[in-house]
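Look at the two complexes coming up: chain A is in both, with chain B in one and chain C in the other.
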Partner chain A sequence: MIFGELGYYSLIFSILFSILLFFFIYQDYFIKDNKVSTKVYSFCFLQFFTIIISFFSLVFSFLLSDFSIVAVFENSHSSKPIFYKFSGTWGNHEGSLLLWVMVLSSFLFLFLLNSKKNPKKYRLLTIFFQNILVVGFLIFIIKTSNPFEKLIPIPKEGLGLNPILQDPALAIHPPILYVGYVGSSIIFSSALASMIVNFVSKIWAQSIKIWVLISWIFLTLGIMLGSIWAYYELGWGGFWFWDPVENVSLMPWFALTALLHSIIILARRNVFQSWTIILSIITFTLSMNGTFLVRSGILNSIHTFANDPERGIFILTFLIFLSLLSLVIFFAYQPQKKEDFFFNFTSKEMGIAINNWFMIFFLSAVLIGTIYPILLEIINGKKISVGPPYYNFILAPFLIPFLIIMTISTKVDWIRSNINQKKKELLFLLIFSFLFILIINYYSQKISIINLLIFFSSLFLIFGLSKDFFDFFKNKKKINLSQTVSHFGFGLLILSIAICGIFSKETDVNLKVGESIKLDNYELIFNDLSMKEDKNFKKIIGTFNLVDINGKTFHFSPELRIYNQPPIVTSEANIQTNFFKDKYIVMNNISGSDYYNIRFQEKPFMVWIWISGFLIGLGGFLSIALKRNSID
Partner chain B sequence: MLGKKVRLRAIFIFLVLISLALVVYILFKSLEENVVYFLSPTEIHEKQEIDFDRKIRIGGMVKKNTIKHSNQSINFIITDFKNEIYVNYSGSIPNLFAEEKGVVAEGFLKDKSYFIADKILAKHDENYMPPEVNEALNKESTK
Partner chain C sequence: MIKKVQFGILFLIIIGSFYFFSQGLRINKKFFPDKNIGVELSNFSAPSIFNNEIMITKDSLKNKKFYIINIWASWCSPCREEHPYLMKLSREKLLKIIGINYKDKKNYAIKFLKKFGNPYSEIGIDKNGIVSIDLGSHGVPETILLSEEKIIIAKFVGPLNKNDYIKIIKIIKNNESIY
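Up next is the complex of A and B:
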């Protein structure tokens, strides 16, 4: 059909336009005026436009179930709901790369439109570097993963999308995550450009901060959507498995969070120039590294993705090229200005420096945990897996000083502050949080010291920031609202993860219909099984009654879904949520028997994990929204 | 004497190096303690010393006609067609767990042929074979 051709040829044209764009940038670079020429504008637009056309051609091919295209045939089915036909566009390797390039190119175009206040040479160079990325990925797509590859003869029906991907959260997860990943590309490009034209300064930091915020917000939300999906869809009741595929999205988040903090210092005090540049480079490298590891099939992951060594080698080569390029630029164009290196011990700058230290530590821990098994297998062929015990062991103790210093940092001022004024407040917070954990400890004795200290330090942060909120609403005191919201969210996140992790209960039983079983505080009765047909799957619904000690009954109806194409069985958990805890029941069939495997879980404070995740992102959003208002 | 600035800078660099060394030490120390090794039944069989307190993963094929259920647990045999291990497991069972399919179980060995699993790893795709299992099976069949 027409869309396949249209998509393919506009992709070819976009490469052509991108290469011409290099030429026009070069031409314009030596013209001494302060305006970027209209040719550069038009070719940026043409590149953007042709990629958009190409992307939407693929979308339409999916919507119209055009099985003459391999990507559609392999990942779609005519009986699939329209929403999942749509999201199927990026539920596969080829389509997701096209999405990736589309975001790359749209960031290029948006940067051009929104950087008019900045020097011309800096703008042109940023676009130049961004264009290298676009061209690199366009060639990658055409050479190794053409989304419009034809299939002859044309099959009548497609193979269908993996059912676990047929889910609203996971449908929007990739675009959001990609905006986060790819958003860091423009930071990378502009960091390289600003080094060459010696523009690494307060002004640069102020102009680039918005991009850092945007990609940070999207990365935060993207990661969270992924874990929400994992929580209800994978049926284990966990939301984070320290799986390599998850880790590769968490690593850029750490780098980006460090960058978000260091760029604030750079924008205010003009210190941390080189460090901010390094972080900009690291962030994008990690984002690309994520794509490389996921797409090359090197990662041994519970999530399966199509993989191909040729693709891995291409991305790896490109990644090495970019890293070398940025290294050369970094050493050739060191910022000339002497910066004031030191600051007072009790200042916000110190707090941010410490934040950066911790972020890099967390990043290294996750990085080593992720690549160590790969390296070890190459070196001596041993197969290992690094799981939650490693991460808990290594991260938990460091969270305690991290949270405490975070609390203090939010209370001190820039440059130098007199901590004595705050001493009373901090002491009060300290005692208050301490009393709180004494109470917790009294009611449940089996908590380890580390966990108690995590409770303590996160409560310290939460109470500290609650006081700021109180000052803000009651006493109309000026506070940095976005910062307070995000940090409050972070404190709440750690607290709820700790509570959920420590006080969760789970039981697994095998039951037949009609059987019941006594659990700790409940009785679980397996009432009935019924069958229902849906659009592209059959569902088997189990009906359960859960009776608590007071005789109160809860009804649960977890499902098994048997998809017709591809024929896969998935479990749909039934979760009942309130502010105190989630009750979670999931059922699995046991092949060749009448038994069903039932997992019942109680997860206290689960919903607060999601709420705090949103708060963290909301803080970033507020930072953009409030800035806008105050300037305009 | 050195100027104040130089001295401060030296202290700063010293602190960075110390913390770096510390971090590397802690990371590798905890890796050493918390890593889970993957072994095939044959590898276990041939192993001289076995640490029974250490969590491992074993993988292979679920042997035909060996799955037995009760209310609390499930028993089956993992084989790589050369050696087998008897597995006792209580916990959630993935939908794709079935006889003559690849499986990875995590837990502790009681002895060389008896394994108490506390986790069976879920797989999302009926055709998907964990790379370890695939390799373990290939290795044994080509020997």
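Up next is the complex of A and C:
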């Protein structure tokens, strides 16, 4: 019970330390040596330490089910499995903000420890800007969402964590996504700092690249996990819904991916300075924007925790303050061109530059789709929803040149054109992919031309990189493994999404026990229903047999779970996965009848979407593990 | 010069988005345009706090033009916040307020009402939170405004504030002028 007080007061202390940190940074800034003073070090540490204590106090309050704390009472229950008590810490608004601030502060501290080679003023200023973020969020927490708020009288039992949040993928999804989001904060801070001290250069890019990579990996995996959760838990059979809250995590990803590529160029030559800075600012602003849109309740979505306008106003004001600050700094200290540099039309730089613009296009399309409904509601009170058709229509055609340019850029060299040497290879790939398309088109004629071209361009990328892998393993040729893995993953991702989207089949029927139905290639038999008690829920298990044309039988047992605290019914889909397709059965009860609503879906290549997502992230990880400083 | 123009445009965009978003926040999000709006209230039953033998059900909503179902608990501090508005609303002649006491102890609940006043004409006990689930509620406090035909007009998640209060009064007064 002491943890509540401990957490609260160490949070207060951390504000105090952070404010003192401003003072010491100011003092140290004018001392002319190349060492950051120990005071700055110790106060960074104190800030970090007190926030850690505060966070773990909340964790322990959750583990010990201390219901005198509102956040614990509202989001936990003593009968909850320990793992979900733990993850309940960030399964609510207050706790997740504390996690956010903890990551902010730890990045500040890690930056200080890992930037010893860089100029002092740049380091101090980076910490200064990062500290603004920390203080802003600390005040936000204390003022509007104190995680340690007390409840009197102390209730005996908690209200329980929302059952659909009780899932392993979702339990680790927020922390991972947050590292990605917040990781971009240090990039933002250092971008502002490097402009002021005129440090936007190769060296800056080389030193900040690791942070870009780390947040990119985490953001990629975080989005991935969220998507996996949606697929297995929400019971709709989809993995991406273009829900506004999903979009706000995708937008920073677009910006961060563009940044990752432009910073690779900047790390090699002194070009693209302004562009890199702009991307750094945009990435973080979008991450903040994500927090604003989700936390303020301006969006209505399954992710919205609490609708509190006061919180919204605070984050919005803070966001606008940061945007104006970076705008002023950008125009006052705009990075100057250091060297004039020309590269050929068929060079890696050109490819990256063009695809950067495509990224910005994707970003804007998603941004408009997300923001426009909100604006419209404000202007004329109309509610519209922008759904998958908009995104498919606007994004899909542009993926084609995007993938083709991506393939060519992985093949050509830096600066100089060597396209002639590669002509044969590319031509061969082109023909090979084209043949493949002809085969696909022969077997199923209903595919639209856009989809065929998407198949074509993603196969082009996949085949191109497969050849690189082949060279690597067979001929021991030196390749950039991380780049190849990530881009291969991306090609595979688009291909699997396209295949899954086009060839999925869905049947929706109402059945009762003992009945069966004939489908195209299967017969579905509803065999049995049984009840089972689990630790904190009851479950109704349906037993189904699915018999295919060859007489092979598959057993399915989807569940309905009835949780007791809070009392909510969720349906657990039963999914059977193999490398070619997922078979997916989910059942729902129809109240007041013996019938159950059964949805049967076949989703070809589903598992490859996850595999390719992890490949994309793995590429980033390899890049750190192999300690490559450049991409070629 | 071009730089200044660029700066100006971006500046205006940022300020503009601030304006728009803060407007967006001002649209009262607690006033849920929920799926349930316009739907008839489903039946519920809860034992009365004052007499265990009497059940509060949908049929308890009678003889008035409007009904409010308010889910509350003595341990819930936002309920205290909204309580004065409920007291004010209880003076409306066309309105009947029914309370659902959520996961609470009887004597605490009665103490609460003695201290802050009782705006409810009837109170049902929802000991384990099931009644509130039947009412489609997300938690405490929550307020459902119903028409004479027991159709849900509005739903307020979280404590009622001044704007919500004014909204409810407006709906009631508009109706008065019609009759």
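The rule is short, and it goes like this: the second predicted complex is superposed on the first by the 619 of 632 C-alpha atoms of A that agree within 3 Å, B and C clash if a C-alpha of one lies under 4 Å from a C-alpha of the other, contacts with A are read in each partner's own complex, and residues count from 1 in each chain.
By definition in this document, a contact is a pair of C-beta atoms (placed from the backbone, for glycine too) under 8 Å apart; a residue touches a chain by one contact, two chains touch by 3 or more.
Note that the structure is predicted; figures quoted are calculated from it, not measured.
Chemist: A:L626 contacts which: chain B (first), chain C (second), both, neither?
Modeler: Neither partner.
Chemist: Identify the partner contact of A:V513: answer first if only chain B is touched, second if only chain C is, both if each is, neither if none is.
Modeler: neither
Chemist: Touching A:N588 in the superposition: chain B (first), chain C (second), both, neither?
Modeler: First partner only.
Chemist: In the superposed arrangement, which partner chain does A:L427 touch: chain B (first), chain C (second), both, or neither?
Modeler: In the superposition, A:L427 contacts neither chain B nor chain C.
Chemist: Looking at A:S571, would you say it contacts chain B, chain C, both, or neither? Reply first, second, both or neither.
Modeler: first
Chemist: Is A:G387 touching the first partner chain B, the second partner chain C, both, or neither of them?
Modeler: A:G387: touches chain B, not chain C.
Chemist: Given the touch rule stated above, what does A:A365 touch, chain B (first), chain C (second), both, or neither?
Modeler: first
Chemist: Mind telling me which of the two, chain B or chain C, contacts the most residues of chain A?
Modeler: More residues of chain A are touched by B.
Chemist: By the touch definition at the top of the document, which applies to A:L159: first (chain B), second (chain C), both, or neither?
Modeler: Second partner only.
Chemist: Where on chain A do chain B and chain C both make contact?
Modeler: On chain A, the residues that contact chain B in one structure and chain C in the other are 300, 383, 566-568.
Chemist: Inside the complex, what are the residues of chain B that reach chain A?
Modeler: Chain B residues touching chain A: 5, 8-9, 12, 19, 23, 26-28, 30-31, 33-39, 57, 67, 69-74, 90-99, 121-126, 128, 130-132.
Chemist: Would you mind writing out the residues of chain A in touch with chain C in their complex?
Modeler: Its residues touching chain C are 74, 151-153, 155, 159, 292, 296-298, 300, 306-309, 312-313, 316-317, 320, 323-324, 327, 331, 334, 374-375, 377-378, 383, 566-568.
Chemist: Which residues of chain C touch chain A in the complex?
Modeler: Going through chain C, the ones touching chain A are 3, 6-7, 10-11, 14-15, 17-18, 20-30, 32-33, 75, 77, 103, 108, 129-130, 133, 139, 157-158.
Chemist: Touching chain B in the complex: which residues of chain A?
Modeler: Touching chain B: residues 162, 164, 234-236, 300, 302-304, 341-342, 357, 361, 364-365, 368-369, 372-373, 382-387, 389-390, 393-394, 508-511, 515, 517, 560, 566-571, 586, 588-593, 595, 597, 599 of chain A.
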